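In the two complexes that follow, chain A is the common piece, with chain B as its partner first and chain C second.
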Partner chain A sequence: MGSLANDAIAIARRARSLGARRDRAGAALSLGIVTTFLTLIVVLPLAALVWESKKAGSHGFWAAISSPEAVAALKLTLGASLVVALLNAVLGTITAWVLVRDDFRGKALVNAIIDLPFALPTIVAGLTLLALYGSRSPIGINVAYTRGAVVLALLFVTLPFVVRTVQPVLRELDVEMEAAAASLGASDAVAFRRIVLPNILPGILSGVALALAKAVGEFGSLVIITGNLPYKTEVSSVYIFGRIESGDTPAAAAVAVVLLVISFVLLLTIGVIRHVTTRHDRG
Partner chain B sequence: MAKRSLRSVALGYLVVILVGPLGIVFWRTFQHGLAPAWNALSAHDTIHAFELTLIISAIAVPINTVFGIVCALAIVRREFPAKGLLNAFIDLPLALSPVVVGLALFLLYGRQGWLGPWLTAHGIRVLFAVPAIVIATIFVSLPFVAREVVPTLREIGDEQEQAARTLGAGGWQTFWRITLPSIRWAVTYGVILTTARSLGEYGAVAVVSGRIQGVTETATLRVQQRYESFDLAGAYAISIVLALLAVGVLLAMTLIRPQEETA
Partner chain C sequence: MSIEVRNVSKRFGSFTALDDVSLEVEGGSLTALLGPSGSGKSTLLRIIAGLEEPDSGDVLISGELATALRPQKRNVGFVFQHYAAFKHMTVWDNVAFGLSVRKRPKAEIRDRVDRLLQLVQLEAFGHRYPAQLSGGQRQRMALARALAPEPRVLLLDEPFGALDARVRAELREWLRHLHEEVHVTTIFVTHDQEEAMDVADQIVVLNAGRVEQAGAPASLYDEPRTEFVMRFVGEVNRIGGSFVRPHDLDIGHEPLDGAVEAMIDRISRLGFETRVELSGADGEPIIVQITRDQLEELELERGQIVWVTPARERVFAAS
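For the complex of A and B:
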């Protein structure tokens, strides 16, 4: 009887160690799949891109990114993206506040359509904006082929970011704190600045960083409505596309590497904001 | 009073940016009835473009779903060096310009690229053909499933999985019986986002497809092509179909989000 129990324990132990070994094999397999797939789809193409940009040497690289047209495109890209990010910070926060604290008929519908710019193909977004704000505008506003069109298109595609990062924070924020501030004589503006804003600031900042990343790389919504005029409405991604079309891949790759670096920096910033705020929550 | 004015600012903003333009496109498309839109949509190349878009999504979405789940499990449940690097690379497609993605693939698979000569020698066409469009679509829609599943996996913890293991369940069994049912809404949500991105991708596909009418032209490329050929009615009609698909996606998102939050 005793030996039978011992056998059972031994079998169970062996099964467990077999299971552990199989676990480790499974871990290695899944990690292998993830690494291989990411390498093939993301890392290898980006390596080829960086390689191409270095083909002409560091001199060629600088010449490519400091050509007047490339510089003009990069300046417009960064300038318009910053303007759009700031507008998003204000209008996105207001929209999030209205969606959380206000109550009106059709609020659920309004809440749902916030994500529409994400779901709508960017080329359709551009065509759509042109229908209302182009030369055939029924309301007589024509911004087509101007820098205003660049800002408009970027506002469209970045609409959801700040709203969606601020909304959950605002929802969890205690209304009683604001009520207490108000009962102690603080005006709405003071209560907002002292109580609400510090709490939602990380949300606003990560939304702004996401919007910036999207705006800097945006392409589809801009090609139709901006006319892609060099020195005037041509942003960096459109410039890169033009260089590819004319067979000048080293120049295209050089500017693309600049955009790649900007994307990395913005992702890093978002990571840092997230890290700091979660630590803040725990402490 | 302040509430009122803030509400008008927010709603006014949405009307100016979003609702107004979309309304005009709907009105322009159907102002002469359904027939012109229908005719534009039944053109041979347009039908082909939609078919191609659906085929591409049907390949890219399942691949990204499996990858997203495996990736999320690796990030949350496993410890390994360079985890931070994996995290950074998984988010990169979200922050990267689609044109940069297209160019990177162009340079890898092109005639003078690293893989181009070998592929040509073996008679495999990637660039300016369907495989390149599939790879570009996979690239841009890569992170969505993983990003949805990671927080859910963290939240549910691994106690139930451990219990299943102790009771003798194997790795697969634990995954199918315990893990997958608890992350199913997150996976579904991620799949919806992936599908939306796959159907709507333009920039990366514009670079790698070669935009050959009736061959490598997807629905979004077809919109641009119709617009450039001064066929505004055609461009609008295709846009409306894509917009309706987007509304479908939105509806699915709205229906699923509460489920995900309570689950």
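For the complex of A and C:
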């Protein structure tokens, strides 16, 4: 009797440790897959890029990134990207709000249109924008070869990000919170600022980070409509392409590394803000 | 502050939530809106708070017409079934919200919030976030938040509905004490007749968007005007054409005047009280409540044929 019970306990224990071992093995396997995947797809290419940039030597690296044309391109890229990210934060949030909270005919259609800029090859987007907002604009708006064109093209290709990151958050938001705020005397504006905004801010920040990353690296939609005028409308990606075409790969890599470092710092900053603004969810 | 609802109707699409409802609530009272789900009780509460607009009819708060006022201007405290906690704010900031939007002085806000947190026994939890509280604690926080701006009226929508039985009973008792202390006109919605009977001075029974009956708990129980009210506020037997409460039936071995014959199916002893389940001549179920002493005196057993006599019965006009 006693030995039978002991056996049962031993079996149960073995089964449990087997299960635990399987869990551990599963965790190790998935971690391995992720590590390999990220190494092959992200870490190695980035390391190769840094390696390439070092071929110019520290002197050459410094010369490449401090050339006036490179600096102008970097400034434009960052400036335009930040402007576009901010515009997206506002317009994307409003768009998401309308799509979640309002009911109107054709809502499903509008919802579907949001993602189309993703499906379009960016070079086609550039051509379309040039035809519509270039010198032969059928609606009389000509922004071709100006910095306005840079912002316009970037807005087009980054449109979906904030909309798509804010939409689910807004849908999950408890509308009773706003009702509670109203019955406590808060005006609609105060309720939005103090109740809705803090709750959707993490979503907005995620969208802004994605839009920023996309804008900093954008090439295809810009290369046609901006005219790539050095010191005026030439963004870093186009400048880098120019360096590669003229055989100066180390310089191209050097500028790319700077772009990468700045993007990384920006994304990290947004990540930290996001972390701080969601601390109440972590119990 | 008194509340008056005059001829309020409200439809949602083809569903009639409220159909010409009128209601008066005395200042300082504690009133329960009691009814099954879909009876319109929550809609009525939200209309009083201004969170929902009536299709027709008026709401008066302390004699003033409030129908056109936005919720912000009604000075009504509202407690939601699912707390509606501001989850990104600490408990302290949640309670302070109604005062800070009114731009009250900092020192006054601090005093009042501290005092309210003490009142709801959450003084040690001020720095926590709602996610770190239990359901009962969250609802107490919501109550403190609603009371902070000193509302004229406190409205609670199934405030204990999402809580387990033990916490419910605790909060129920606690709400009654709170009402004695704060004395703000209070209306709460519930589908639980026991809860309504236990807490309220006045009960308004709603059914399918209409007021069935309003009155003190005892009068609703003893003098129900409709079959619905009789069934809703307590257990009931139907014997012939009349309705009898289980404790208003006597069991005996002799056929007294008005007695019906029935067979005992089951006897369950619940402490002092004993429930006897019987079936009548037509097989209709009859439940009788007797005391343990009566049970022993009558020597009742399962399978026995006995006579059941209504001591007090009610007949309702067919509706």
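Just so it is clear, the second predicted complex is superposed on the first by the 215 of 283 C-alpha atoms of A that agree within 3 Å, B and C clash if a C-alpha of one lies under 4 Å from a C-alpha of the other, contacts with A are read in each partner's own complex, and residues count from 1 in each chain.
One rule holds in what follows: contacts are C-beta pairs under 8 Å (C-beta built on N, C-alpha and C of every residue); 3 or more make two chains touch, one makes a residue touch a chain.
Note that the structure is predicted; figures quoted are calculated from it, not measured.
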Larger contact residue set on chain A - chain B or chain C: B
With the two structures laid over each other on chain A, which partner does A:43 touch: chain B (first), chain C (second), both, or neither? first
Classify the contacts of A:138 with the two partner chains as first (chain B alone), second (chain C alone), both, or neither. first
Return first, second, both or neither, reflecting whether A:199 touches chain B, chain C, both chains, or no partner chain. second
For A:266, using the defined touch cut-off, is the partner it touches chain B, chain C, both, or neither? Pick first, second, both or neither. first
Output check: A:118 vs chain B and chain C. Expected answer is one of first, second, both, neither. What do you get? first
Which stretch or stretches of chain A touch chain C in the complex? 174, 176-177, 179-187, 190, 194-195, 198-199, 277, 280-281, 283
Name, in rising order, each residue of chain A that touches chain B in their complex. 15, 19, 22-23, 26-27, 30-31, 33-35, 37-38, 41-46, 48-49, 51-52, 91, 94-95, 97-99, 101-102, 104, 108, 110-124, 127-129, 131-133, 138, 152, 155-156, 159, 188, 210, 213-214, 216-220, 223-224, 236-238, 240-241, 244, 249, 252-253, 256, 259-260, 263-264, 266-268, 271
Chain C residues touching chain A - in the complex, by the definition given at the top: 49-51, 70-72, 74-78, 80, 82, 84-89, 97-98, 101-102, 129-132, 142, 145-146, 148-149
Within their complex, chain B touches chain A through residues 2-3, 6-7, 9-11, 13-14, 17-22, 24-25, 28, 67, 70-71, 73-74, 78, 80, 86-108, 113-114, 135, 138-139, 142, 165, 168, 170-171, 193, 196, 199-203, 206-207, 219-220, 223-224, 227, 235-236, 239, 242-243, 246-247, 249-251, 253-254
